[in-house]
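Two complexes are shown next, each including chain A; its partner changes from chain B in the first to chain C in the second.
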Partner chain A sequence: MKSLKLGGIVILILCVFPLLYLTVLSLTTEWIFPELLPRALTGFHWNFFLAGNQSILMTLLNGVLLSSLVGIISMITGFWLSYVISFQSNRRSWINLAYLPYSFAPVIYAFLLQFYFLKAGISGTWSGVFLAQLLITVPFVVILCAHHWTTEMKHLMECVYSMGGSECYAFSKVVLPMSRPVLLLSFAQSFLFSWFDFGFVSVIGVGKTKTLMLLLYQYIQEANPYIAACSALVIILPAAIFLIINSKLISRMNVLTQD
Partner chain B sequence: MFSKFSLYFYLILCLFPITAGFIYAFLYSLGLIGAMNTGFTLNHWKDVLGSKELLSSFALTILISVMVVLASWWMAVTILRYYAKELTKTILKNGLLIPLTLPMLIGAFIVMQIFRSGGLFASLLYKIGLISSAQSLEWVNDYWHIGLGICLILFTLPYFIILVLQKYDKHKIPELLEINTSMGGTKSIGWYRIAMPILWIETKLSMLLYGIFLFGTYEAALLLGRQNPRLVSVLIAQKLRKFDLQTIPQAYVLSIIYTLLIVVFIYLFSRKSYHEVS
Partner chain C sequence: MSKLNCAKISFGYDHKMILTDLSFELPFGKTLAILGQSGCGKSTLLRLLGGFLKPSVGQVSVSDLDITSVLPEHREIISLLQTPLLFPHYNVFDNIGFGLKIRKLAPDAIKSKVDDMLLLVGLEGLGARMSNEISGGQKQRVAFARALILSPKILLLDEPFGSLDAGTRIKMQGFFNDIKTRINMTAVFVTHDLKEALTIGDLWGIMKNGQLTIFKDSVSFLKHQDSGGASEIKFWSQYIQSPNETI
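Here is the complex of A and B:
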């Protein structure tokens, strides 16, 4: 029994270790072989990253705006499409269709589409990256919401119709209040997809649409692990917030399973 | 009317961009469009299909995807076998979600820092006395793709643990194991003949889908993978980004093969999921 508890502690430490490691790495200026711990901790890199650099703040705001918009649009569109699909006779085939763009590696998808974005004049622009990300996040939300349209939900809507309520009324008074968790999950997942995106930002954005992920890659290439660690922690922050707000909701991330 | 329009929109959203990209790549690979192309030719296809690079790259990507999925599944099931009770505790359940909040690039960065020569792991081994210098351990961009494998397994494992735990509870495996014991079966027989087959059947679709994701992995392969052979996504990206215009049609040939493979995988996934549901 005692060893079981020890095993659980080891698993927990391994889960938390990446965050701890990044935090320590961001607070040190020198961590050289064969030292197991850094010689001293300092806030020097955080000062540079947050206070001393205006462009990082702009990049951060740009990323937040882009991801929030992607999250909102994907949530609304995907939720509506999943509703329409759920009433089709071959519902499963329609849902499986969403797996096609969702399974594509974003970087290869972006390369395939690059020509069209160039022709449309939106390659290297904020709107180009925004549109490109929607091509994956909307089908993703359809997958997330597909299992929300259960028989019970449909019966509830039929109840509203039978009592003289319109589709609009059923949606606003029954469906939406009951769908808050799945809507929040859809927003969170689309936001995070956009926030963590590297493929579309680097190919369609051509490095002009700055996001923190691009900045992080730049720091890694420049062999600047300490600033990269600061950047990585800021990138993880929204996901950690979503996790804290509702860990149960995030635990339903089991979108890959087709229950 | 609006529903019909929505369905058309959904169809276009899912199929049109991929089809359009596929057509462009196909025409480019045949020399019919694009800079430096002068007319119809099959040379780019011959170059790619005749080169060892294509075969080794696709074989490596499939091998790594399959090995990572199988190794993670086996580890997840083994952890479940010995720590099932611990895993049901809220703190550990929430803890398992932490690695899922990391994007692949950050995971690859952490693995790179820890497992490079002179990294934290090398320091630890040096202190224990297992290696004599920083250069004795190099698991980043290494021959066997050890760093890349570790990174992908660390990403896959927490997800698989959560997945098998859900299936373990859903299919009442603890009760089934108890029945097995009460009927005289050993714990080992119960695990291998009852629990593992149920978990395998219940998670194989997710494994297939996760394998498809890993097949297109890019960021981790970019930071941790070897230069030759490279993973498919890195190979395509590098051929497209080179200043040599001759390699662009080859990259599109590879993209076409990648697209066809993904379509086949998704078709298999759809069929299997359809059968399971029906």
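Here is the complex of A and C:
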């Protein structure tokens, strides 16, 4: 019992320490080795990061817009595709195909796609990055939702048909309300992929489409740890919120499966 | 409710025949109990009647109207499965009234009909409960009520009491027989339990290798080797030494 408590404290420290360190780093201007604590805390970097530099704010908004759109489109498209695939006789082959993008490292996959994106004239554009991210997130949602289309779900839909309801009615009144956890999970996971993506944004976006992740690397390369800490904290914030929602949704889906 | 007619129905896929040249006529208000082992084609027959599969050859008609190509949503034939599938996000009341909402009935009319149905199936006072707050037998009653409230032309039952314990199963068989007489229900009831088939049916059928043999009386049904009646009698007779002795 005592060792469990100790283990819990160690895990908590390991989780909290990086966040605490980043927060302190973002609130100081001079923190030089071997000093254990910074001399003074100031909001200077935050002021510069959030209000002093228009391009950072635009990058932040661009990232939110890109990730939200990737999340929404992946959720809708992936859910619909998984429905179409799941009741086909060659369902297994389609789902195996959805795993294909994950057989490459994202950067290698991005380089493979780059040729086609250059041909299509969308390399280095916002829409190119958006499309490239969808190529990864939509198959992910297909895989995630494929297990949702059980025989029970099929029978419930058939039950609606036999009572005189159309496919559209079955979807709106039965399927969608029952699929809320998996839909939210799909959105959250796709959003997080896009939010943390570096490979596709840097390769397909060729530095023209900026996201906070790209900016973070830029600050690290420029040896500007204070602004990098600000940007890292902003990156972590929505991810932390989504991770909490995700864990709740996963536990809710597990409860539904056990029922 | 209506009479059901199947004429020379065959169905198969991947060069394999599941049902072969199947014909029967089920009069209005009667129940056909079909007995057969797993994989003999019983459930396929029900899916064909429900409109979820289309026969390769043959015709299905209800009250002399050909419905072979009619979509499930326009057939007015409702199926009940072994697992009582209730909509988990609705309570008992909304589950029963679901079909009436599809038919766009006024809320007052829905309430009155659902209340009557709750009374009929013995679930009065349970309308607000969610599906995970009621027992297996009660779930099956809700599924019954949800089907019956729409006055379907035909009711298809695929081993509906198969997942219930022995006691509840007997109660549900009694409940089914009671409802059947009260509303003159035309039904096809699939089971693999001989006693259940005898209790429920007015006509009997034995399905084997995709072929259906129909019996109009219980004695000839029981005597048929594939009904399992003979082996059942032989089994019980070894425990009864003389005609006067009971267990």
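Simple rule for what comes next: the second predicted complex is superposed on the first by the 241 of 259 C-alpha atoms of A that agree within 3 Å, B and C clash if a C-alpha of one lies under 4 Å from a C-alpha of the other, contacts with A are read in each partner's own complex, and residues count from 1 in each chain.
Assume contacts are C-beta pairs under 8 Å (C-beta built on N, C-alpha and C of every residue); 3 or more make two chains touch, one makes a residue touch a chain.
Owing to the predicted nature of the structure, the values given are computational and were not obtained by experimental measurement.
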Under the superposition described at the top, does placing chain B and chain C together on chain A give a clash or a fit? fit
Taking the superposition on A as described, I'd like to know which of chain B and chain C A:161 touches: first, second, both or neither. second
Between chain B (first) and chain C (second), which does A:39 come into contact with in this model arrangement: first, second, both, or neither? neither
The chain contacting more residues of chain A, comparing chain B with chain C, is B
First, second, both or neither for A:88, with chain B first and chain C second: first
Which holds for A:177: it touches chain B only (first), chain C only (second), both, or neither? second
So after the superposition, what angle do chain B and chain C open up at chain A's Cα centre, nearest 10 degrees? 100
After fitting on chain A: smallest Cα gap, chain B-chain C, Å: 16
Would you mind listing the overlap between the chain B footprint and the chain C footprint on chain A? 256
Can you check the complex and tell me which residues of chain A touch chain C? 152, 155-156, 158-166, 169, 173-174, 177-178, 256, 259
What residues of chain A sit close enough to touch chain B in their complex? 4-5, 7-8, 11-12, 15-16, 18-19, 21-22, 25, 32-36, 80-81, 84-85, 87-88, 92-94, 96-101, 103-109, 111-113, 115-116, 135, 138-139, 142, 196, 198-199, 203, 213, 216-217, 220, 225, 228, 232, 235-236, 239-240, 242-243, 247, 250-251, 253-254, 256-258
If you look only at chain B, which of its residues touch chain A in the complex? 3, 6-7, 9-11, 13-15, 17-18, 20-22, 24-25, 79, 82-83, 85-87, 89, 91-107, 109-110, 112-114, 118-120, 122-124, 126-127, 134, 158, 162-163, 166, 203, 205-206, 209-210, 212-213, 215-219, 223, 233, 236-237, 240, 251, 255, 258-259, 262-263, 265-266, 269-270, 273-274, 276-277
Partner chain A, residues of chain C touching it in the complex: 50-52, 71-79, 81, 83, 85, 87-89, 98-99, 102-103, 132, 146, 150
